[in-house]
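Below you'll find the structures, each written out as structure tokens.
Two complexes, one shared chain (chain A), two partners (chain B, chain C).
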Partner chain A sequence: MNEKYIVRSAKVASRLLEGEMMIMSAADSTLFNLNKVATLIWQAADGRTPLSEIVQSRICREFDVRLDVAYRDAEAFVHELASHGILTVLDQPVAASGAPEKPWA
Partner chain B sequence: MGLMDHLSSKALRLGVPLSVHLDVTYRCNERCEHCYLEHDDLGEMSTGEMRGLLQQLEQSGVFFLTISGGEPLVRRDCFEILAMARSLGFNVKLKTNAILVKEQQARKLHSLGVEQVQVSVYSHRPEVHDAITKVPDSLFRTVAGIRLLRSHGVKVTVANVLMKSNFADAREVSALARELGAHYTLDPTITPMLNGDRSILRLGLASNEVRSLFRDANLVGDVHAFCAPPPPIDDEAREGFPCSAGHTACYVSPYGDVYPCVQFPLPCGNVRKETFLHIWRNSSQLREVRSIRGKDLPTCSSCAHLGTCTRCPGLAFMEGNMRGPSSADCEKSFLRTGLLTAGMQAHAAASNTSATCGLVQIEGSQPSPVPAVTVARAL
Partner chain C sequence: MSADVSHPIAKLAVDRESEAVVVEVGGLPIEFRTNHPPFRRLIERRYAGFLNPSARPACRFEIRLTRSARGIEQDVRVFKVGSTWCLERGDFQAELDLRTCEGSIRQSGNPYSLDSVLRITHSLLLAREGGFLLHAASAIRKDRSFVFAGVSGAGKTTMIRIAPADLTVLTDEVSYVRRAGQRYRAYGTPFAGEWARSGANLSAPLDTVFFLEKATANRVDSISPRAAASALLRHILFFAEDADLVRGVFDSAVEFVSRVNTARLAFQPDASIWGLVG
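Moving on to the complex of A and B:
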């Protein structure tokens, strides 16, 4: 399995309300409301932690769900957010400075 | 229920101030004749104070932040404030006249991810716009600023406050907004100055002008539905409250004063003396505003328009009673539907010995020669 890394867009606004993240994209003013599971993934999207590790350490620890099932759902979720431009999915981790260590995938 | 309604309901249930309007200065490089502010600097919050306030707003759950003035860009640290706000995750809307927006500012606003910039345009004709702002070439400079913002992909809303002097230009301003790739909004309400001076109300639209706006399908959509008589009052109207002011929204002045809304000058506390969250949760004034329901309004609770009126409690407050009618909104309800409001009837009854007292506040200092009730029936 190729590792995936996810990083939040700098062009969005976000706020946690009762455990659920609301996000608005500056690009098209679309409003998103993430449920508690999606919120955990969003909060962990630092561009350096592999998605598999996020799912294992944040999702499977908190919720009673099998790793392969959770990972498949998480992968679909991050690609959907990426299609709206509020998250970027990378094949490589970003550098500590925020710049990708290697060219963007 | 839409997602925004869902979030608003959740914020209301949790007591979260979802939206804050923050004026970072009252200073301005224009002198608009209808402006409700005085432009002296009486001790604006410093950059550090603004940083502390923004952190408090973030911790309080504020999501939508409108940064306005005065003209916010006259503050040398305005972009520092905007950058702080964006780094704290706010959805930021900036209200400006765009005169100070040059290439560098437009690029920065885009790179910061500011959600939207709202720019006031009063006319497509320089002689009309500049006469309102009292600044030569202001229309030219404002439009140039909008073009720069659009060229960098920043969303712009052209806000068109309508008065007697520019009423005839509304369609052309709307067309200009389209040509610029901007949204267009129209506001037919002039509000009293925050210091209580009501003289600027004389600039507002005449009744027949407001009525014609309400019958313009391009503005209101289905005119028949928009102007239909109000439905019978139900429990939702009796138990409802008029707007988000003090419930999920509030206003903070450049001096740190907290009010329910920018149009509701009821002092609730000052963030230089107490934390924002303490004021939001404990201010007796905010608690009072929150406690008022439709059924508690001595005049309006019996009004047929209760469920559909846009009654502004701030305007009512400026008329002397936050539980009273707002005459500007009474007029709108009347001009929309042709049905007198309870506020108008009470006003007419109270002044029936004064045949020259104007019924409609928007007529300002030009009293109607016709008795109030007769005016209403004639319309």
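Moving on to the complex of A and C:
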């Protein structure tokens, strides 16, 4: 399995309300309401932590769900958010500068 | 030294000065200048009750009338180039420089074009201070204001039509909300819906925002801050393609629901609903 890394877009406004994240796209004002699981993924989307680790350490630990099932759902979720431009899915972690790290660097 | 207004040049200066009309909505005066006296009179009639010639304008527009063949069907576009806001629709083009607060409008003689420019300008000015225009009716009762937000057909105008006599209508279509310290006030606007009348040029501390829902019985339901923020954002009039301003409006809406009562108002067209409001 190729690792995936997720990073939140800078072009959004977000606020945690009642334990769940509300996100507004600054590009087209679309509003997203995340549930508790999606909120955990969003909060962990630092561009450095592999998605598999986020799922294992945040989702499976907190909710009673199998890793493969949770990972499949998480993958679908992050790709959906990416299609709206509020999250980016990468094959490698971002560097401290915010750019993807070169594997040979 | 006093000016000799009998001199032709002095007379011209006085006439030009008199072409300015200051329209004050929500305590924010905006000056319009036109060299077309019939259009100036049209503005004065359209915004009667909201004119304040002695106010110091927050911004000024020079209006040039054109023969625009295009109508209002086209979507409005609001975008920023440097420090200048550009407002465009089929029937108008306007610019406003935020540094100088000077702008220009090219439009047909249709007063509804100016209505749109005025609403957009206010939405931009309010966004900087945590306020907003809301697709909502509003009214004052017992020195407190109540706002009724809803899409077209939700019952905004109906709420106004069945209102008791002791109520002062602020608008049946576009409500004006401004932050005042840690609280908010609702102001009257000249923007009317099916009621077809300007609201009163008054304001009062905002008590509650109700989100309207047609039903077979009257009922007030509590609503979570999260649901209120989502509902509020659906009804805020906001047009600008600008990331910073979108973020600002989002933050304003979340801040607003943390400070103001919000509820869902299920109602049937029956005056008894006002017994549940306040």
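Going forward, the second predicted complex is superposed on the first by the 101 of 105 C-alpha atoms of A that agree within 3 Å, B and C clash if a C-alpha of one lies under 4 Å from a C-alpha of the other, contacts with A are read in each partner's own complex, and residues count from 1 in each chain.
Quick note on the criterion: contacts are C-beta pairs under 8 Å (C-beta built on N, C-alpha and C of every residue); 3 or more make two chains touch, one makes a residue touch a chain.
Computed from a predicted structure; not experimentally measured.
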Which of chain B and chain C A:Ala95 touches, first, second, both or neither: neither
Contacts of A:Ser29 with chain B and chain C, given as first, second, both or neither: both
Which superposed partner A:Ala13 touches (first chain B, second chain C, both, neither): both
Set intersection of chain A contacts, chain C complex versus chain B complex: 11-13, 15, 17-18, 22, 24, 26, 29, 31, 33
Footprint of chain A on chain B - complex, ascending: 3-4, 6-7, 10-11, 14, 16, 58, 61-63, 86, 89-92, 113-116, 155
Of chain A, residues touching chain B in the complex: 10-18, 22, 24, 26, 29, 31-33
Touching residues (chain side chain C, partner chain A) in the complex: 224-226, 229-230, 233-234, 238, 243-244, 246-247, 250-251, 254
For the chain A and chain C complex, residues of the former touching the latter: 11-13, 15, 17-18, 20, 22, 24-27, 29, 31, 33
